[in-house]
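Chains here go by letter, A, B and C, matching the order in which they are written, and residues are numbered from 1 within each.
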Amino acid sequence: MTSRFGKAMLLAAVVAILLFLLAPILVLILSAFDSGNIFRFPPRALSFRWFETALNHSEYRSSLWISTVLGLISTVVAVGLASLAAFGLVRGKPSYRLAMEVLLLAPLTLPLVVWAIALLSIYAQLGINGTLPGLILAHVTITMPFAARIMIATFDEIDPNLEAAAKSLGASPWQVVRRITLPLARPGLLSSTAIAFLVSFNDVVVTTLIAGAGWITFPVRTFSRLRTEGIDPTTIAIGAMIVAFTILVIVLGQRLFQLSRRF
Amino acid sequence: MTGSPYLRIRTVQKSYKGSVALHDIDLDVEQGAFVSLLGPSGCGKSTLLQILAGLMEPDRGQIQLDGADITNLPPWRRNIGLVFQNYALFPHLSIRQNVRFGLDMLGMGRVEAEKRVDESLEMVGLDPSLSRRPSELSGGQQQRVAIARAIAIRPGLLLMDEPLSNLDAVLRHKVRLELRELHDRTGITTIMVTHDQAEALATSDRIAVMQSGRILQYEAPETLYSAPATAFIAGFVGSPPANLLPLTASGPDNWTLADGQVWQPAAVLAPKANGAQSGRACLIALRPENLTIGTTGDGGLPARVAAVEFNGGDRLVHAETGGTRITVRIAASQAITSPDILLFPPQQAPVLFDAATGTRL
Amino acid sequence: MKQTPDIKPIATALLVAPAAILMFGVFVLPFLFLVVLSFWSQVPGSLGMDPTFTLANYARIISDSYYLGGLWTTLWLSGLVTLICLILALPLARWIVLHAKRTKGLLIGLCILPLVCGALLPTLGLVNLLSPLGFINGALKSMGLIKTSLPLLGNIAGVSIGLVQAFLPLMILPLISTIERIPHDYEKAAMSLGATRLVVWRRVLLPLMLPGIVAGSLLVFCASLTAFVTPQILGQGKVVTFASLAYQQAAMVLDWPFASALGMVMLLFLALAGILGALVSRGLGRGS
């Protein structure tokens, strides 16, 4: 951009687009502070009333709890499997690396709603419909691409000479992993854990089809309430908290272990 | 046993992805020697180093260190130190922790280990109270730490992969002398991989010149310089390296140059005296500092001066003859007044190679 | 640099196997089952499925205008959303690459945020923004630009806005990586040879950005085609998208074979889009 006017116009356009991108989230957070009974933005008066109600609402509490537990278990499994595979692919340099990466990233490219329909039918045939392990398997699958992508990038960045140097100094393979590889992979491990947890926590598409009556996660409960009762302030308050939590994780992730670099 | 060498490499062969990286390598290194593996990139020198370190397995062959067969030992059981071109210092550990790493692996007690760390850092000229992270140091300092880390464990063999390549030219000169001094003080058997012949000549007891996976010649630097086994070595070693002039024997007394010129040199340089049959295509190695320039006389090669470089202490004259550019080193005080000169090789048995195979005649 | 692997092939295979088995078994196999399932039929009145081969599901899709209409709506809606995303993403991506050196990480994080928040939450915020009593209508009214509220929910407008908002990051990220790879000097060189800004864009920048444009467009188009949460909420049931139909059949009507057939149709169009994208990038790439 050579002209200053042109540059200013570009900047204005950029700001407008960014606002457009983020406005809904901002609106969600701010309107949760509204004191009135109706969901309004701009809020007329500020209050924490709806946050209190939300946290005391037993149905929502239980679905938040389910989302958290599901998220933690799925994340640990997904990051664990992804790290093992990533380490193998990067250090082992097999000829099938590219094919394997495509496989690991597949859920990003193929439509999850179609997959969920198929999975649902298979689960019904196998009789594991609506069980927690079935749900966990599904969540591990949808978070795997994020974990895999970050861990592959992480191991790609670790200089292999470091591991060679450690070996030459007398470290056995296990000691190399413990003292060199893992500490250096830590930012990646933390990043992928954070992202995988967020993805699992916030998933609607898959969970709404797969989850049985006993395992309704927060987003799914919200979605079904939306369709039956419309929007109410309690839902907004919880939505705001989730969004704030997501933003917090991303900001902390960026500060502590440069989250955005790992993509 | 005086006969058995400290490090013994026998028939080591390695191929990958279909091509042969090392062809049946044999090498003996005496205890306490400083040996360089010298060659252009792709010659296999780094591969050989990796195999010595245990980071790569040879397809065939045997390696013995101090009498023990280490061929199948993994790197963490061989008593070796390794210094990398990019230093490979552990970024998440401090300098001292880096140097201590090998000692921790040996299970050395804290007090003794810290003392050893102090010694090693002092030996490479660093202040032992350096408590920073590797990323805060300069390249030269990082390299010293890498060396300190490798020698802290008092290895039986020190392997260095192009340790000076990442340093700037000035530092390289200084550090290569320090490397030699360090070696002399510690007495550790050292093998250094390099593509820089000046570095190898300056530091080594013996140099193994490699090309295309083979060792062409394994001699002391002086021998390599004065009696190169192949034309490649002659044209590679030296600063500047030897001039290689193509000529064909045309009769017992004369040579024909590439541009058709006929040259009748002194008797000791003639084809007859060197076993070159008429019609044999050869290369003669002419060292820049052994050639003299004159305007008259018998047996000289007519040449035309293309350029003269002033080097402070001497001059480099670049002249064309027989279709080839020849470089001559003369004293700075000698003046070149006319572009047409005569080049005189030294009056002794020449270094001649077969033009097709590059081997010594 | 060493080309040989640092760990043995067996170790590599063991490390990679668990993830591979999981992904293949849980993700890939269901798609294969989907193909089979689309030729089954639901036993009326139960969850059971009759495996006799039948084309009835596909016949129903092709013959019923409800489903065809939904397909058509979804297709052109996705196209519209893709176009809008492209127009909005280009300046933003260019800005991030060229002018935002220090804040780049932050801006990329902001772009990723909607992706990670999931389909639901930003949509909630949008509902308020777009509703007749919401912020946008309120602001426009107070500026005196309109008298009565614009209907922005329950129609294509609202759904489009929601989909663009949701998938804009999918267009921005590939564009950023493509633009990063274009040496800045190309523009300067073209301009020094006398090209105007317009010509520079048309003949230098757009062709070079083509891989990113194709990648981003493909991602946005495919995501819009298969989206159902956002259209359901913002469309308030009045905008029928193909994915919503599939969702209804699977989750509410519980006619899984029919839902599978609907899914297969979606996959077909995704494949067509992918092929089109590949042809475009190869064809235009060669022509420039």
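Miscellaneous remarks
One rule holds for everything that comes next: contacts are C-beta pairs under 8 Å (C-beta built on N, C-alpha and C of every residue); 3 or more make two chains touch, one makes a residue touch a chain.
Nothing here was measured: the structure is a model prediction, and the numbers come from that model.
Farthest from subunit C in terms of Cα centroid separation is B. Chain nearest the geometric middle of the protein is A, using mean C-alpha positions. Put simply, the C-alpha centre of subunit A and that of subunit B have 55 angstrom between them. The distance from the centre of subunit B to the centre of subunit C, with each centre set as the mean of the Cα atoms, comes to 59 Å. Mean C-alpha positions place subunit A and subunit C at a centre distance of 18 Å. Shared interface positions of subunit A, defined as residues touching 2 or more other chains, are 164. Contacts with at least two other chains are made by residues 55 of subunit B. The multi-chain contact residues of subunit C, meaning those touching 2 or more other chains, are 2-4, 6. Partner subunit A is touched in their complex by these residues of subunit C: 2-9, 11-16, 18-20, 22-24, 26-31, 33-34, 37, 47, 49, 88-89, 91-92, 94-95, 98-99, 104-114, 116-129, 133-135, 165, 168-169, 173, 222, 225-226, 228-229, 232-233, 243, 246-247, 250-251, 256, 259-260, 263-264, 266-267, 270. Interface residues of subunit A, counted against subunit C in their complex, comprise 1, 7, 10-11, 13-14, 17-18, 20-28, 31, 38-42, 81-82, 84-85, 87-89, 91-94, 100, 103-104, 106-107, 109-122, 124-125, 137-138, 140-141, 144, 148, 160, 163-164, 195, 198-199, 201-205, 208-209, 219, 222-223, 226-227, 231, 235-236, 239, 242-243, 246-247, 250-251, 254, 258-261, 263. Of all residues in subunit B, those touching subunit A in their complex are 53-55, 74-78, 80-82, 84, 86, 88, 90-92, 101-102, 105-106, 149-150, 153, 159. Subunit A contributes residues 159, 161-162, 164-172, 175, 179-180, 183-184 to its touches with subunit B in the complex.
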